[in-house]
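Letters A, B, C, D, E and F mark the chains in the order given here, with residues in each chain numbered from 1 onward.
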Amino acid sequence: MTRPYNAATVRALYPGSFDPVTNGHLDVIVRGAALFDELVVAVGTNASKQAWFTVEERLEQLRAVAVAASVRITAVAFSGLLVEFARAQRIGCLLRGVRGARDLDYELPMAQLNRKLAPEIDTLFLVPVPEHAHVSAHLVRDAGRHGAELRGLVPECIRATVEQRLREGNPRG
Amino acid sequence: MTRPYNAATVRALYPGSFDPVTNGHLDVIVRGAALFDELVVAVGTNASKQAWFTVEERLEQLRAVAVAASVRITAVAFSGLLVEFARAQRIGCLLRGVRGARDLDYELPMAQLNRKLAPEIDTLFLVPVPEHAHVSAHLVRDAGRHGAELRGLVPECIRATVEQRLREGNPRG
Amino acid sequence: MTRPYNAATVRALYPGSFDPVTNGHLDVIVRGAALFDELVVAVGTNASKQAWFTVEERLEQLRAVAVAASVRITAVAFSGLLVEFARAQRIGCLLRGVRGARDLDYELPMAQLNRKLAPEIDTLFLVPVPEHAHVSAHLVRDAGRHGAELRGLVPECIRATVEQRLREGNPRG
Amino acid sequence: MTRPYNAATVRALYPGSFDPVTNGHLDVIVRGAALFDELVVAVGTNASKQAWFTVEERLEQLRAVAVAASVRITAVAFSGLLVEFARAQRIGCLLRGVRGARDLDYELPMAQLNRKLAPEIDTLFLVPVPEHAHVSAHLVRDAGRHGAELRGLVPECIRATVEQRLREGNPRG
Amino acid sequence: MTRPYNAATVRALYPGSFDPVTNGHLDVIVRGAALFDELVVAVGTNASKQAWFTVEERLEQLRAVAVAASVRITAVAFSGLLVEFARAQRIGCLLRGVRGARDLDYELPMAQLNRKLAPEIDTLFLVPVPEHAHVSAHLVRDAGRHGAELRGLVPECIRATVEQRLREGNPRG
Amino acid sequence: MTRPYNAATVRALYPGSFDPVTNGHLDVIVRGAALFDELVVAVGTNASKQAWFTVEERLEQLRAVAVAASVRITAVAFSGLLVEFARAQRIGCLLRGVRGARDLDYELPMAQLNRKLAPEIDTLFLVPVPEHAHVSAHLVRDAGRHGAELRGLVPECIRATVEQRLREGNPRG
């Protein structure tokens, strides 16, 4: 029985778009940070679709919500092949939140492909607390750009900023 | 950011029926043992339905396959409420394998209920390698009692024993 | 455009086992009572599997939780074909709660068969509030018989009674 | 037990894109109109993707099929946040058709978010009659632009118009 | 490119419980008989649960509905391991009807296990016509034993017999 | 009982995008060719989204992998309505691979619509071998454009070409 990279500790990586960071993301972050020795949260910059928040803004959101939740994380940007990035970071496992069967159906082939490409890196799935099971960045953006208050959907420490930006419309859309 | 129980290490618990132990179970065991400081594999003895293998036989199977795979685990029996057992064992997270959406739909409400009953204990899900995605103890029992060879379905070190027992029929059925 | 039975009002029927009544059931009852002119809650007595609570106890539970929630319902037992019972009661629509895709996959063929057998009776589905999305009578029974506290899972006004009965074991099991 | 808005009657809202109106939509309209005191059918104008039919054409289609089916509805356009529009219209419940698990997985988070944003407005789901379970506006558009006859897919009273438009290609595509 | 068993023709096997034969089964039979050179319909006799109709009655039902539909099939009983039976019959592919995602989730691991046990035998899935998508032997039995008319659910040529038997109750239940 | 088109043999059609051809596609091709008298593989050219490989390149890929697998197929391009194309080719059944419930949910309405438009043409579904259950052209493109080696994901005889093209970026993107 050996740890990945024969290391004494396990680094976990939580990759995502975080456009913006939601309470569902925060839930995964808090739980992941408690279970693994180190937690890296990585903002993917590959996505072809135009984001509402810049990568730098999303990294700031992640750092702010982690501080507010008293959780220690490393927030980084990444591009290219996820498992290559993870390997370079000596990551032992990937974390992903799945809200239900539909999410898993989407995540499962990626997890199996990633394991094929990098057998030493595993993927672990967490399910959200029921209160956040309906929260997705997509729905948050939709509600926010129509002016809805986002209380309970995004962490309080970034809520005002996120609400304002979404109401103003996407400067890069 | 605190570890569960303010402990320096995280103990993971993999609960199940293991009637018998399959290659899908072994996959979760090997991966869980690499990611967590300690792995407890617990054979539930509550199940109303009659098992094919006794609890003691299943514990022996678990220990045998762990030794053969060079994995260090603790194999124990449990009854009663899972989260109470986990709490008494100072378990930080539960591990469950999910082969697809159907498994998750079954597991998700239990994970959310367990988290409500014991918020300090999380549930993490692993997906099997594709080669084992169709392997379940139920299908193994069905194939085995009709005389099928179980190569690739159960670990080699217990295969002959499992095949013989399933062919003979359930002594407690 | 005509109302079912050419009636001025619509009676809705919420059928189920209610073994025991959960907060998920109560959620459907409160919402159904607000949307329809009359709400009949019907305890099915066909189920082959042995119930934990008698039909009379379940009717009492329904009446107690309805009073506590200030909701007016009619609680009745039924046996035989659901749509025949509904027709005799001049029911315009059936209500069912679905917690997710798995529930709907189970409910959908029944709804379509019922509509074929009785085209004047429709089936409407409600989804629970997220807080109750993991609550089922099955999980409540499982947790309760192992001694778990059921706060938040069953309505407070019947909680002590339900907990005690589940701890004692099924007298008819 | 109070009606939404303490009103004596319940207004239901059926929102959608209706691009074009299909027999599946008509099925929901006929059934919704029978169960609720008033039915508002609302054509959403937010969709970022280019529609084939103008909002005005879709409103005309809705009115035409309602008249042909002897159903009384109010057809309106809306933009902005759905629950704000619904509140302003004193709507008590939203109606949505779900053809199966895939549809529900998509609808469920929106229903839960809407209920969070506007607790007084509920969402009810109807399943189509089996004959229409495979009919979606998307498949109708695909079949139609390749020249398929749409008999049985869209209401007869608008079929010729819809077929012609789809064959001609999207003037706004 | 070789046919299974290097045969000039392909024999297909449609295994099931057929308790009783439904219009959904008949749909698969008619379509399978058109696509393959020979169609064997096999009544499984392993099922632990008590059937309503004897194996002989079910074989008679299959033969009667095939004659009425002008379809040529061979109806046989089987026990033991399905793929062993199929191999002995020189079967090239298994046919199964799937009404939706829930059915496939159940069928998929069996198909993959069967292919592992007997790589020369493939499994093909058919989806029912929408009119039969809600028809299952289970729902037919439930409706029938409560006295529902089964028109449109089971083939007309066996309907009276099936209705009478279901109303009388299960002589072996 | 008659064959489609009263023909002595059955022609099967396997339609898709094949952008690029994967081991999952090859699996369907090999199995389809064994079960039906003739197999036509058709590259759809309707797709609005920009492909990575030209239709001609994809046809060449199909022919190359078929030769390497000793399978006889006819590879053709098609546009317009699939069932019209199939009818003109005297096709008796369409073949589609489904990796799981999510795929079937997408395929099922199309199969039912196609059957409505052309009742003489059936759709049959195959599930992949577990080793290919996570392989999709979409994931292959994603992995390939980030530089991943595609061994085991695309047939060896076209792997180098596909890898090079994906690394270079989409000339038509």
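In the analysis below, a contact is a pair of C-beta atoms (placed from the backbone, for glycine too) under 8 Å apart; a residue touches a chain by one contact, two chains touch by 3 or more.
From a predicted model like this one, the values you see are computed outputs, not experimental measurements.
In terms of the stated touch criterion, the partners common to chain C and chain F are A, B, D, E, listed by label.
Relative to chain E, the most remote chain by averaged C-alpha coordinates is A. When chain B is laid over chain E using CA atoms, the rotation angle comes to 120 degrees (nearest 5). Interface matching across A-C, B-E or A-B places the copy of C-E, with more than half of contact pairs shared by residue number, at B-E. Using the mean of the Cα atoms as each chain's centre, the chain most removed from chain C is F.
Although chain B and chain C share one sequence, what matters here is the overlap of their interface residues, and that overlap falls short of half of the numbers used.
In this assembly, the C-alpha centroid of chain E lies 29 Å from the C-alpha centroid of chain F. In terms of their C-alpha centroids, the spacing between chain B and chain F amounts to 38 Å.
Among the residues of chain B, those in touch with two or more other chains are 100-102, 105, 108, 112, 130, 133-134.
Looking at which chains touch one another, you get A-B, A-C, A-D, A-F, B-C, B-E, B-F, C-D, C-E, D-E, D-F, E-F.
Residues 99-102, 133-136, 139, 143, 146-149, 152-153 of chain E are the ones that touch chain C when the two sit in their complex.
Contact residues on chain A toward chain B in their complex (touch as defined above): 1-4, 10, 30-31, 33-36, 70-72, 92-93, 98, 100-102, 104-105, 108, 111-112, 115, 122-127, 129-130. Interface of chain E with chain B (complex): residues 46, 80-81, 83-84, 101-102, 105-106, 108-110, 112-113, 116-117. Contact residues of chain A toward chain C in the complex are 100-102, 130-134.
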